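Next come two complexes, and both contain chain A; in the first it sits with chain B, in the second with chain C.
The block that comes next holds the complex of A and B.
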């Protein structure tokens, strides 16, 4: 019996180790090694930090990197601000059937591909699009208005794409807040605002943290939305990675870029977890 | 602010209006995509030229419908193949992981659990390039060492499947673990007491209990694979799955054909989602 249990353990452990080892850990180590390699001649390589030197030496790369980080943080904050009242409504105000119907309605857009959602925004925002025609019809604009290909359009797309990942954790944590606690807050003389600040938000913190982490990650790693909705000036860091790998075929530099992106996202995720006293197991698992 | 505490009418109305606006915002892009699939025009934009089914069934230029457009049909087939492979693989490994983490206490368990969650916080594009880099290292090594050309390690469907599998497995593991945790282990012990061996007990008691979660995980994995873009983009070879094929067309300029494909996608995913919900109710 003991041997059998041990055999079972190893049988279950093997797929896990193969998966994590061959598809996650070793590829990332290999990518790190590649990023530390410099081509010195035909088929000859030397290890050096030249790729990271290029990254820090070229203002365009640094600028795009910083911009992508800032814009992702901004997208996360906007998503949180839009999603919080909605999640609160679903969790606390709506009851019974309405509640589950509203929750389901929030999920629907995310069953379809990101490409379709982005395409929808293109139809709405472009020069010949719906909003532009509407403005002309209402007499607010003389000619076609181009609303696509700028940072605002890109932000609309990013927020839209990641909304679900904020709403679901928020609704889940807010639902677990007992109405009686909120009533007690009011009974003790709290105003709507102080109840929100001292009871509701602290209670929702785990949901806010996990939602924000996921939204931030999705924005940072997004390629489709910045490419399709953003303009010439709204270059996204993933676009640089793509062009180094696929267009320029400079894998060494591309790998270094990939590592910088990974580093940035890890630092921010780790920092958020530390600041709020959460752990990865609790927020994701 | 909860229903049991009275609020000024103005605030309640404003709050309600905000919720309505939010749902309009959610629905608007999808509604326009669906509506323009029926526009009798070369472009998915106003003016409205009249209703047509041609973008679905049309078979002559310039309006070739989805069901006659070979490249799109092939891309749907490719996506379905990738999706099914990823779903089956990730649920198999996910189930194994769920049993490992729920049933065994061992050194390094906490560490492995965190490691198992990591793919969720690695950007998809980075997962893609790391697998691309490693597979070409192996392929080049094989060529230099034994002069064997490992075609399957070059960008193509196998790499796409592996790339998507690498993070979808985490989600499958979480979904199945959540249900396995609620399982009453004494039921399995009862089966053992009644003379079943371990495998039989798991097969006849535990797996049927897990079935709703496993079906749910298959559906979620399939949908995630079907709509994955970032990881696929880095690993794709000559047969493009649907999202990549649509992206390439969209870059060249869009016709209502893309709206028609999108509408079919929406219908397909809604049907799958409903099937899953129905199945979970039963379970």
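The block that comes next holds the complex of A and C.
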């Protein structure tokens, strides 16, 4: 009986261990080793920190690195600002069927692939696209307007892609807030703003932080949206990694870049958790 | 006497259903007023209208003479103790109680002083830095009341705040609430479906059913002189029959139940004519039990029968007495010792005065 239980335990554990080992741990160890070696001759390698040296020595790399981080933070903040009222409406104001319908509407865009969604934005924003024609028809623009290939277009794409991952944790935490607590806030003399600041936001904090972490990570690691919607100046750090691996065939430098990105996201997530006084267990549990 | 709260022909409709219909009442300053009714009778709707969370469809609410229509909840001089208390879980006790004072823009030292004072008054000094979930049910209750009372409202609304407590604590809190009300000398409006809470604590009770007030009066009025069949059935326990008036002689009438039991009763001023259908109420504690029928000579209702069932419940023990025609009557068993050996099937005599029976003409 005990042996059977133990067998069951291992059987259940195996897929997890396989997944973690084969897809996460082994590739990362390999990547780490790769990033720490330098090619010194044909087929000859020596271990060194030269790849990281290259990263810190080249302003374009550093600049792209910092810009990607800043833009991801900005995308997270914008997503939060848009998603919060939406989530509040879904969780607290909408009732019954409307509630589930609205929730479903947030989900619908994710039934098509990210590629198709991004193409959708291209159809809307390009020179011969819908918005451009509309502006010309309304007489607000003299000629075709190009709205693609800049930071704003990229930001729109990033926020749109991330929306659901912010709305879901927010709706969940806001739903757990008792309506009577909000009413008590008003009853004791609070205004709408003070109820939001002192009651709703502190309660929703775990949802805000977990949603922000997910959105931030997704934005930071996004490749498709910055490539398709961003312009020449909107270089994303993932594009650098891609070009090192695929275009330049410099796997060593690409691996070092990959580790810098991992380091960056870890530091920013850790910093945010410290700053907001939340713990990973509390936000993810 | 000055009134703190006046409601005038208050009406609330939700779509086609009328939750509250033309309710008018006044609450005297410093008194304990209860609204008692079964769930769904509209009592919570009244309370939410007074607090400002619902807009009345018609009528007026005045607090200290000032109309509260179009005044938002955060500007009204009323505060509410919610059913599940709704303490702010993200704040400690001092922050919870100080919330309203902070909103009123009081300076910090003043807030600290007043929070300390109010905690003293509810007998919980020194718990300022505790968290909400570290308190027991009774302590939370007192903190919730303190959180409202620190703002010195004209009227305190309480929405079944004892509902979530266990029985022993509830009994204790009833007495404590009444004492707190006396300490603060504030008008309390209390809503409940539990008649014993209302009867014990209130100066005035309104019994509500189907969106209207059936009767407003003191606990004694409701118990001894119910105005309607609903009040007679809702407040206290009763033996209940339907019957027809057979004879009317001044203020005395004789009724016969569907089973054939003849009951003599007083009309208590109600107009009941022979042949009319009536509802008859008789409290189990108003009936005398005797071993010998001679002891019941002074009563105009006397029945001999046997004990068909013993319902032992300590002080509130009862017996069911079945008479010859099969009618069963619930009778409170005196705990003075003479009936300690009463067993099922034992012959017993019961009797009561006609004044103890209450009759109402059947509606419809």
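Convention: the second predicted complex is superposed on the first by the 273 of 285 C-alpha atoms of A that agree within 3 Å, B and C clash if a C-alpha of one lies under 4 Å from a C-alpha of the other, contacts with A are read in each partner's own complex, and residues count from 1 in each chain.
Following the convention adopted for this analysis, a residue touches a chain if its C-beta (ideal position, glycine included) is under 8 Å from a C-beta of that chain, and two chains touch if they have at least 3 such contacts.
Everything numeric in this text was worked out from a predicted model, so none of it was measured.
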{"item": "Side-by-side fit of chain B and chain C on chain A, or clash", "value": "fit"}
{"item": "Included angle at chain A between vectors to chain C and chain B, based on C-alpha centres and rounded to the nearest 10 degrees", "value": "90"}
{"item": "Touching partner for A:101 - first (chain B), second (chain C), both, neither", "value": "neither"}
{"item": "First (chain B), second (chain C), both or neither touched by A:31", "value": "first"}
{"item": "Which of chain B and chain C A:184 touches, first, second, both or neither", "value": "second"}
{"item": "Partner chain(s) touched by A:198 [first = chain B, second = chain C, both, neither]", "value": "second"}
{"item": "Which of chain B and chain C A:40 touches, first, second, both or neither", "value": "neither"}
{"item": "First, second, both or neither for A:111, with chain B first and chain C second", "value": "first"}
{"item": "Overlay on chain A, chain C to chain B nearest C-alpha distance, Å", "value": "5"}
{"item": "Common interface positions of chain A, toward chain B and toward chain C", "value": "183, 186"}
{"item": "List of chain B residues in touch with chain A within their complex", "value": "1-5, 7, 15, 18-19, 22-23, 25-30, 32-33, 36, 43-47, 92-93, 96-97, 99-100, 104, 106, 110, 112-127, 129-135, 137, 162-163, 165-166, 169, 174, 198, 223, 226-227, 229-230, 233-234, 243, 246-247, 250, 254, 258-259, 262, 265-266, 269-270, 272-273"}
{"item": "Interfacial residue positions of chain A with respect to chain C in the complex", "value": "178, 180-181, 183-191, 194, 198-199, 202-203"}
{"item": "Complex contact set, residues of chain A against chain B", "value": "4, 8-9, 11-13, 15-16, 19-20, 23-28, 30-31, 34, 82, 85-86, 88-89, 92-93, 95, 102, 105-109, 111-117, 119-124, 126, 128-130, 133, 160, 163, 179, 182-183, 186, 192, 196, 213-214, 217, 220-224, 228, 238, 241-242, 245-246, 251, 254-255, 258, 261-262, 265-266, 269, 280-281, 284-285"}
{"item": "Residue ranges of chain C touching chain A (in the complex, touch as defined)", "value": "51-53, 72-75, 78-80, 82-84, 86-91, 99-100, 103-104, 147-148, 151"}
